[in-house]
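A short worksheet on the structure shown next.
Going in written order, the chains are labelled A, B and C, and every chain counts its residues from 1.
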Amino acid sequence: MEATMDAARAPEVTRRTRFSILAWLWPVVLIAAQVYAFAISPPDRDMGDLQKIMYVHVPAAWNAFISFFIVFISSILYLWKRDERHDLLAASAAEVGAVLTALTLVLGSIWGRPTWGVWWTWDARLTSTAVLFLIFVGYLSLRAFTDEPERRARWSAAVGILGAMNVPIVYMSVRWWRTLHQVQSSPSTVDSPYAWGLRANAIAFLIVLIYFVRTRYAAARMEREAEQRLDAAALAAGGYNA
Amino acid sequence: MTAAPVRESAVILPLELRQVARRFGRRWALRGVNLQVQPGEVVAVTGANGSGKSTLLRVASTAVTITAGNGSVFGHDLRRRPASVRPLVGLLGHAPGLYDDLTVAENLEFAARMLALGSPGGAISRALELCGLSAHAGERVRTLSSGWQRRVSLARLWMQTPKLLLLDEPYNSFDDEGVAIVNRLIEEARKRGGAALLVTHSLAQAAAIMDRRVTLRHGVIEEGLLPQLHDAPASHDGARSAARRVAGAQATLELS
Amino acid sequence: MTWRAEAGRVGAIAWKDLTAERRTKANFNAVAFLGMLVLLLFGFALGPDTATVRGVAPGIFWLAVLFSGVLAFNRSYQLELEGGALESLLLYPGERWTIFAGKLLANLAFLLLVEVVIVPVAVVLYQLAVPEQWPRLLLVLFLGTVGFATLGTFYAAMASRSRAREVLLPLLLFPMLVPLLIAAAEASAALLEGDPMGNAGTWIRLLLAFDVVFLASAILAFEHVIEV
């Protein structure tokens, strides 16, 4: 790291133009996918039109898992290369993932109410997602409570890796637990009338995910660059960051 | 700030720091320290409170990582090979670093096992004797005064036989006997071709043993306003780098 | 790195932690009593009906272990922070995972001793019958405690250094323990009834897999999280 003022890098304005395509693409694709799914799928024989909530709930859940996967890979890369850009990417993916998991949980709850008369069904996917949500929250809390950037990056990476490794284990154990004590079950998502709608929306949400993570990451990079310029000034002058 | 021109020398330096900076939160404790310690040299580090003296020692010992810049101890890179540095250094910190509920002997036994010493029993009794602790071996550290606790830390340093000694206020809280033990420790390190870096407020006590003195001010080494107590030894490889004002910062002179 | 030296270090750290604990005893008494208290409180909360309570006893027992045991982990690092010993500890030569392994062994021994106290209390309070397959039950107890101690020791290395240590440790640790809690409670419940459907084996295998995965990852990741 240079201790001089002229080491500043120009903010990466080009990125903005590069993914401004995504900025208008994501709402378009999302709406298109939702409309498509609504159009092609018949009302479910049990749930009626309530079933349509699946087209947000399920893709949100899938993409939350993808977020977590990004956190996992970025965390490993950070511990290996010590490049803080990986840490920033992990943090951005974690934030977006937390939102997606919260969305999944809320929608799952909303779906459960008219169907089973309860706000929560202990079904395998929903419960696993709740645990995943708490793991994300733990990760973000750790980051919030750790002020030193290097320490924060290393600790989050370790926590992110272990958390991500636990996701399949959580899912498996909750599923076995549920099959032992059969209670309410979740709607099947593999029936063919619904599959295409789900796939279309899964892709739409993936685009949403990519856009949000990239935007958050760009913001994090800019924050970090500002912080580094403050560091450089502090090193040169009085010894304290502003 | 420019780095002092580093001479490629055939001598492996016990300690070499190049533009080392360390930040704690938003405060930079070290802001670009350049320092070279020659084999057999004893360097006293002085400076006001908060100038970064303790941090300097801790960075050199690998207890604290470097935020920017780099350094080496006997040729081992501080950032990339801290594990190779550790067997070579011994740090006497501010805090005794002992376990209060264990006895003196138990603390040293623990240290011996952590150091993987060949014949721990012998090393421990020798260290106890040299530091005048034989009578207190069975007492819990909690019951000792701070001066005696620091003696236990000294005993531990004896067992480590480090080549680079890093001593933070070694003359504090010691009686004459304690001071003698510290000086002996330094002499032993010197004889082994090592070196010592002492942080001290009391130049009088260090005068007898030190070769030169540097002053830390706001995290950077600068020449003291007072004349040095000794001339720089003739064999001292040195180069002066020019001072440069940066954005109203104070000028710094680096002696290497 | 020679294995003998590293094993010596692991042993030294475990011995040191346990000796310090033995001298003060403050921790052990507090944790054991809290465990018993939790068992009692659950009894009150869930009503005096024996049948109900006996049915949920395994789950309650494991919760008592978790809630009381969590106190042990931060204290294990507190030991290092009090005299500034952590800095000295980190300056010894050798691999850093030995610090983790040593503390893990000490925490494991500590928790197992606490369980020796609270298991009989649970048996009495919830009127449990000692099952035929009690050796397997002991295995479940052991494997569950190993997983708990592994993750607790790991996360406490970070939480104990943070300003919100009391809330951060449970926040990080408990979600990670969900598979362990499920597996241990289910296996215990099945074995207490004689394992009629033969489920216990599956849960024990899950516990074992959990322990192996996290022991390995914690050991590998520890050097990145322990610092002065």
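Keep this in mind: a contact is a pair of C-beta atoms (placed from the backbone, for glycine too) under 8 Å apart; a residue touches a chain by one contact, two chains touch by 3 or more.
If you're wondering where the values come from, they're calculated on a predicted model, not measured in any experiment.
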item: Path length in the contact graph (chain A to chain B, fewest steps); value: 1
item: Chain whose Cα centroid lies at the greatest distance from that of chain B; value: A
item: Gap in Å, rounded to a whole number, between the CA centres of chain B and chain A; value: 47
item: Whole-Å gap separating chain B and chain C, where each centre is the average of the chain's CA atoms; value: 40
item: Distance between the centres, which are taken as Cα means, of chain C and chain A, whole angstrom; value: 31
item: Junction residues of chain C - those touching two or more other chains; value: 227
item: Set of chain B residues in contact with two or more other chains; value: 65
item: List of chain C residues in touch with chain A within their complex; value: 151, 154-155, 158, 162-164, 168, 171-172, 174-176, 178-179, 182-183, 186, 199, 202-203, 206, 209-210, 213-214, 217-218, 221, 224-225, 227
item: Chain B to chain A touching residues, read off their complex; value: 1, 19, 21, 23-28, 31-32, 65, 67-68, 218-219, 246-249
item: Of chain A, residues touching chain B in the complex; value: 1, 3-5, 147-148, 150, 231, 233-241
item: Interfacial residue positions of chain B with respect to chain C in the complex; value: 58, 61-65, 83, 86-87, 89, 91, 93-102, 106, 110-111, 113-116, 140-141, 156
item: In the complex with chain B, residue positions of chain C that touch it; value: 2, 5, 8-9, 11-13, 15-16, 19-20, 23-24, 79, 82-85, 87-94, 227-228
